[in-house]
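The following blocks contain the structures, represented as structure tokens.
Look for chain A in each of the two complexes below; its partner is chain B in the first and chain C in the second.
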Partner chain A sequence: MALTAFPAWTDRRTVCAMLIGIALAPGLARAETPVRGGTLVAVSNPGEPNVLTTGVGQAGAVLAVSSKIFDGLLRYGENFALEPELATAWVTSADGKEIRFTLRPNVRWHDGAPFTSADVKFSFEQVWMKVHPRARATFAAVEAVETPDPLTVVFKLRNPSGVILSALNSTESTVLPKHLYEGTDILTNPYNVKPVGTGPFRFVEWVRGERIVLERNPDYWDTGKPYLDRVIYRMIPDATARYAAFESGAVHLGVHSPISINDLARAEKNPALRVEFRGYEWLGSSIVGEFNVRRPPFDDVRVRRAVVHAIDLQAFSRVTMRGIGKPGTSPVLSSQTKFFVESGLASYPFDRAKAEALLDEAGYPRKADGKRLEITLDWLPFGESFQRFGEFLKQSLKAVGIEATLRSQDLPQFFRRVYSLNDFDFIVTHHSGFADPQIGLDRVFWSKAILKDVPWSNGSGYASPAMDRLIEAAHIAATEDQRVALYKQVQAQAQLDVPRFTLAENRQYTIVSARVRDLDTGVIGIYDSLKNTWLAP
Partner chain B sequence: MTLISDIAAPRTLLRLDTLRRLPFALRSGLVILTAEVVIAVLANWLYPGDPFDLAGAPFLAPGDDPQFPLGTDILGRDIAAGLVHGARISLIVGFSATALAVTVGTTVGLLSGYLGGWVDHVLMRVTELFQVIPHFLLAIILVAILGARIEFIVLAIGLTSWSMVARLVRAETLALRELDYVRICVAMGGGPVRVMLTHILPNVLPPIIVAASILTALAVLTEAGLAFFGLSDSNHISWGGMIGASRDALLTAPYMTLIPGLAIVVTVMALSLIGDGLTALLRRGDGA
Partner chain C sequence: MTSAAPAATGPSARPHSTGRYVGLRLLQMVPTLLLILVTAFLLLKLAPGDAAQVLAGDSGGGDAAYIATLRQRFGLDQPIAIQLLLYARNVLTGELGFSFRNNMPVAELIAARVVPTLLLTGLALLVAVLLGVAGGVTAALTRGRLADRLIGAIALLLYATPGFLLGIGLMILFGVVLLWLPTGGYADANGAAEGWAHAGSVARHLVLPVVTLGMLYAAIYSRFTRSAMIEIYAQDYIRTARAKGLAPARIAWRHGVRNALLPLVTIIGLQAGSLLSGAIVVETVFAWPGLGRLAFEAVQQRDYNLLSGLVLCTGALVVITNLIVDLLYATLDPRVRLR
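Right, the complex of A and B next:
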């Protein structure tokens, strides 16, 4: 192949030789000079976004696109290192009750309007605190946001808060343009689907069901960047078709495990593709089982514990995730070392006899047909793998006399059933832990997070005064050490009451063409803006 | 009508010389289908327990482990057990949906053809409505709305396939009602219900039986198609469901989809052979 290609490339022989050299010696790749130009084609996953700004929608597919168009005040590098983005400097006062941000000068929105501190204040007050599922917990300590001048933003706090600086990236706290959103209904603003940001790429068009096209922002503040001319997101609903698109080179990038786990080994062997497991640390993805604690049988903690005892979590990871996942022991992921409690939490090891004893005790003896009780089991419609999780759980429960009926539905129906009608028994779903439990855990364990119609809130209906006391104490903890200690107690309480439990710590993967260079692999690499990324010819 | 009783009455069927007189296609189709029905009936005896049980290590290819002659699927379910138990669902859905389609179609066709007039007009417009909508799309929509449960899948397939039977029965009825013996019966005071049931229905049965075998084959295929799109009852194992579940592993473990796929091919082929054989048999009967 390469030999026959040479004659046609005679005038570029040097280039070819250089490329071959690079391919042979991966160590040299670091020294490469980025090449300007080219179109990077990515696959939108999971599914197609419903809006294109994370200001109003937080599904994974929205985060992927929005992060190319918007900047955050900060960005996160390797090991959660804070890096400047729209803010060039940030200073926390000695008493911890004030954070002062200096904004980057001469930044313009894609429509030419200047970016100022007023945009940040507006986004905080009208967007984050009003329509975001997690911001109210994240910014619980914030008393006011002040803007002494166009390039300074000051967060005034009631008490020191260790979480705020972990949530100021472009996807978690998106700065929206005040001049386009002020006085409108934020959730229905037309710019949600034709976004105007400050980021390295501008929105061009969105052909529903087919593609989203972004192009280079020529006025980007980071002069000379981005390198890519265009980024196109394609919608390919079938996992096998997505794999074929990667293999043929039609698609260069896909995040959130874009191909079936069964094709992973095949992708790893393909020299034209790379499998990247880094870049998901900030997301903290896990697979969880969640009970409806509002009604029988799962209003009884013994039944909930029996269910966990009945599931072989080792086998769950080995079989349904083909060994790339890891059994869960706490609602916090083991990768969040600062908060994770390694041992001492209540645990429910795989023990069918124990499960049966607990069910007997709870008043669900085996009937003549061997069944103890019948429940429904809904799986989050995030692809085939969740159906596999559901099937695995159904079989596990059957062994202890719990007959689960699997129900499949589309995402809006699932959200409606769980978060609007609360009409479910047991679900298998996804949980994002994020950088800090205050962002990841409050929304599922705090009674004030039982929010009707808000997906990813406290869907189980779990309300415990003891848990609420811990969470609310953490919000006003005077020192970071106290806050961390309280979140360790939150984990203990959660494992004791088990309104939900971690089935497995998920390990997601990115599939990327070998032509893609300098892809960000920091803690939130999958939602990087791609400003440093380039395509080798 | 002796021909129909030849096929339907078990007494004559069991006699080898009668069987030998049947067209080859019909004979082979019947043998295959009977074998499948026997396997489906004996499923609980052949493979006791739940076919969804995670019986062994996942991704065992056929022959890897003598305990699982056809291998295991993504989650380690025994494919042979799934195949045997899945035969039940595929056949039950095929036969029930056909029974539904034939009942509705025959009733509509008889009424429409015999009564004529405005009844005919109304019923035929309704029939045409069902004929012009793509059947598979309508089935998808019905199952998506009603829910992926086995009774709804039968309903959806039945509702989308009766129109062909209705047209067929109507055409036959139109011809039959003009025949002398029917007119005599009417002249002797036979009411419409009596005439339709005793004189017309028995004479339209042969084409209905041929149509039914084709419809059953289509129903088995439609069920598999729905299951492939995830619209199968996940509480019952079916061949289509097995294919849908293994689609993820199409590139790495094609046997998981090929084996149930082959079962569907064999079943549909058997039903088509029966249909062809019956047609040949009836034509031979006409000539005699």
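Right, the complex of A and C next:
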């Protein structure tokens, strides 16, 4: 069915002319001056947020909206470089046990109250350390937060801790206004759904099930910005309907792969739309296979290695992800250049003979019916793509004599099965790296991260003294170089023991109208504040 | 519904007893709804998984303290019996509880969705009845001829089409290719319009979902009307009316349709619940902020308080619809006495 409303040649000709223009005079394209005004309509994805501040909820849909309303102390620039936001400068002491932040002066909350160091101290003590899912681990080294004056915040540490600076952006550690949260129940504070921040956009209204409206913050500290008058998030639950909304021009922006992968090729051909793959590096999203190492057969590392040998990762990415993914080689993704180990890790290239030999050796010979063993395979219910992953794995394993029974269930049941009951053999699931292996890897490889009931924790039940030693040494590494070196060893150990392995580096995509200009495509672009973004008329 | 029985009594008794009848029926609603409430609550609790875990999953994990904090805030650390008692006490005092997931009182969440839901299902029902009756009567009067066959084929096709497919087809045609109508939503996204402009915007957004939902039910209603009309046309009183020399249109309307509406009204009453749940698909496709979508999301998130509130609310809607149906019987057929 032809979805384009206008004859395609007109647009193509315009685009060609534009491309030629850019090629002939690159200076001209840069000279485009931002236009003030306009309403950018985005689609909220995945789903509708439950609150509007990442202070109390870190789902993807919350992060997307909250990042327009709130600032962090620091922000990520290109290639994970730290840049100032609410903090204009930060100094780590020589012994690494003190980090001193200088705050930006004359910043006001959207209700007019001044932003001071007291807000940071309050957010650290009452919000991050009490109701944030990961902060207690991230800030474990922090002994106290001191506020010598309204524009200075000092983190006093028990030991050097490189991870802290990686976690102070607005999405991971949101600064909430003390004057509206002090003395209240943080989780049910009414301002969670009508947020007051310091960011470029102010909250206007939230009609549940329908839209969230934000408007320009006229007192934003970055004078002259933002360019947009309004940002509106619409709730469109159906993927095909979302694509129709993009096609009809009703929606300009959607993150987290807002349309089905089957519509992606069509979107790429549509001159009114752009497909953007950058901006997801901070999220570090990957598709992962994970074993239950508590019980046979996967308590035996040879069986785990046999499974990885049995899977053609190139074909996996090509067949199940239409080639947009990238075969995984390490639990850290290649986009995290600082920590990623390019070569030298144990690897398990596609080799069925090797897989069969390992299974023979482990005591699982082929029986009369050709089967070696029977296992269950649960796929994470994050949409049909994971079912495809499961089906691919089932076929791969069948070839080496492992009969996998695919099981499907809804998300609450999946969480319960994997993290509460530990009643599974092999799962295909998702992993977020969150910029720093101390946040992303500890929780799946550290024995202290085997936490009953907690989703995305060490569900495999993997506990290795060697691994624990590496992780715990990294936590107190004196210098950042040492910490990086230790996390490289963590990757080596993980690949050796394979309690889980990266099937593919996931590539998520943003769909954006060609009218949208200067969209941030940095490592955390999808959670950018949109302060530099503008709409061409 | 069952309490309405045909009986040959004078119409003079009716106006006096209707008020009492309605009062009695409303009173009977209370135990019915309480039973619905308890059953729903226990059934929901039987579903594996819990809200705290889902929320933690959304947030990218956490530690044991995080889950414990959430459980305690949600009241999930209490035994089920205590949870049920606390909930029942809240409901009896007119308090539907707090949706921790959405950070809002349940009553507010539901109230915001009632108007869109009633707009969508009410208008869809109207479209379904008008199209269904018109189609059914035409088919019956042209029995065996081309018009009948055509109507039958269209009805069958619509009935066999999944709701989402019909919705997406109409959306792509009218929303993307022709650009006549918005592809979804309740009103224009910037929400700046007021008064008549707002109403107009809502009306434009209503067209596709109402037509989609209405057509699906029109297909069913047209088949019912057709068979009822054919049966009625075999009755003696139709022959009598013909013999009196009445105009065919008058026979069809006064003697045919009015009688055919009785079984149709029964079906509508029985399908009130299915209309509300059938709306989930249409609400999802057209991003319509209705109760069905809210319920679907609440199940996904194990938001017990919200779900119990929704079950109570939709239960009440179904009971009230059935009451209205019973009252309609008496209006359509003077022989029906309410008691």
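Note that the second predicted complex is superposed on the first by the 486 of 537 C-alpha atoms of A that agree within 3 Å, B and C clash if a C-alpha of one lies under 4 Å from a C-alpha of the other, contacts with A are read in each partner's own complex, and residues count from 1 in each chain.
We take it that a residue touches a chain if its C-beta (ideal position, glycine included) is under 8 Å from a C-beta of that chain, and two chains touch if they have at least 3 such contacts.
These figures come from a predicted structure and were not determined experimentally.
Visitor: Per the overlay, which chain contacts more chain A residues, chain B or chain C?
Guide: The larger set of chain A residues in touch belongs to C.
Visitor: So, does A:Q413 touch the first partner chain B, the second partner chain C, both, or neither?
Guide: Once the two structures are laid over each other on A, A:Q413 reaches chain C alone.
Visitor: Quick check on the superposed pair: does A:R388 touch chain B, chain C, both, or neither? Answer first, second, both or neither.
Guide: Only chain B is touched by A:R388; chain C is not.
Visitor: Kindly classify A:A265 by the partners it touches after superposition: chain B alone (first), chain C alone (second), both, or neither?
Guide: After superposing on A, A:A265 lies in contact with chain B but is clear of chain C.
Visitor: Could you look at A:A536 and tell me whether it touches chain B, chain C, both or neither (first, second, both, neither)?
Guide: In the superposition, A:A536 contacts neither chain B nor chain C.
Visitor: Taking the superposition on A as described, I'd like to know which of chain B and chain C A:A357 touches: first, second, both or neither.
Guide: neither
Visitor: Applying the document's definition of touch, where does A:T240 land relative to chain B and chain C: first, second, both, or neither?
Guide: both
Visitor: Quick one: is A:A514 in contact with chain B, with chain C, with both, or with neither? Answer first, second, both or neither.
Guide: neither
Visitor: Give me the intersection of chain A's contacts with chain B and its contacts with chain C, in residue numbers.
Guide: After superposing on chain A, chain A residues 240 contact both chain B and chain C.
Visitor: Looking at the complex, which residues from chain B come into contact with chain A?
Guide: Listed in rising order, the residues are 50, 52-54, 58, 74-76, 148, 230, 234-235, 245, 247-253.
Visitor: Using the touch rule from the top, collect the residues of chain A that touch chain C in their complex.
Guide: Against chain C, the touching part of chain A is residues 1-3, 5, 39, 41, 47-48, 50-51, 57-60, 130-134, 136-137, 185, 187-188, 190, 192-193, 205, 207-211, 213, 230, 232, 234-238, 240-241, 244-245, 247-248, 250, 410-417, 419-420, 432, 434, 443, 451-457.
Visitor: With touch defined as at the start, can you tell me which chain A residues reach chain B in the complex?
Guide: 239-240, 243, 260-263, 265-266, 315, 319-320, 322, 384-385, 387-388, 390-392, 394-395, 398, 405-406, 408
Visitor: Where on chain C does chain A make contact in their complex?
Guide: 47-50, 52-67, 69-70, 73, 98, 100-104, 109, 112-113, 164, 168, 171-172, 175-179, 182-187, 189-191, 284-287, 289-290, 293-294, 297, 300-302
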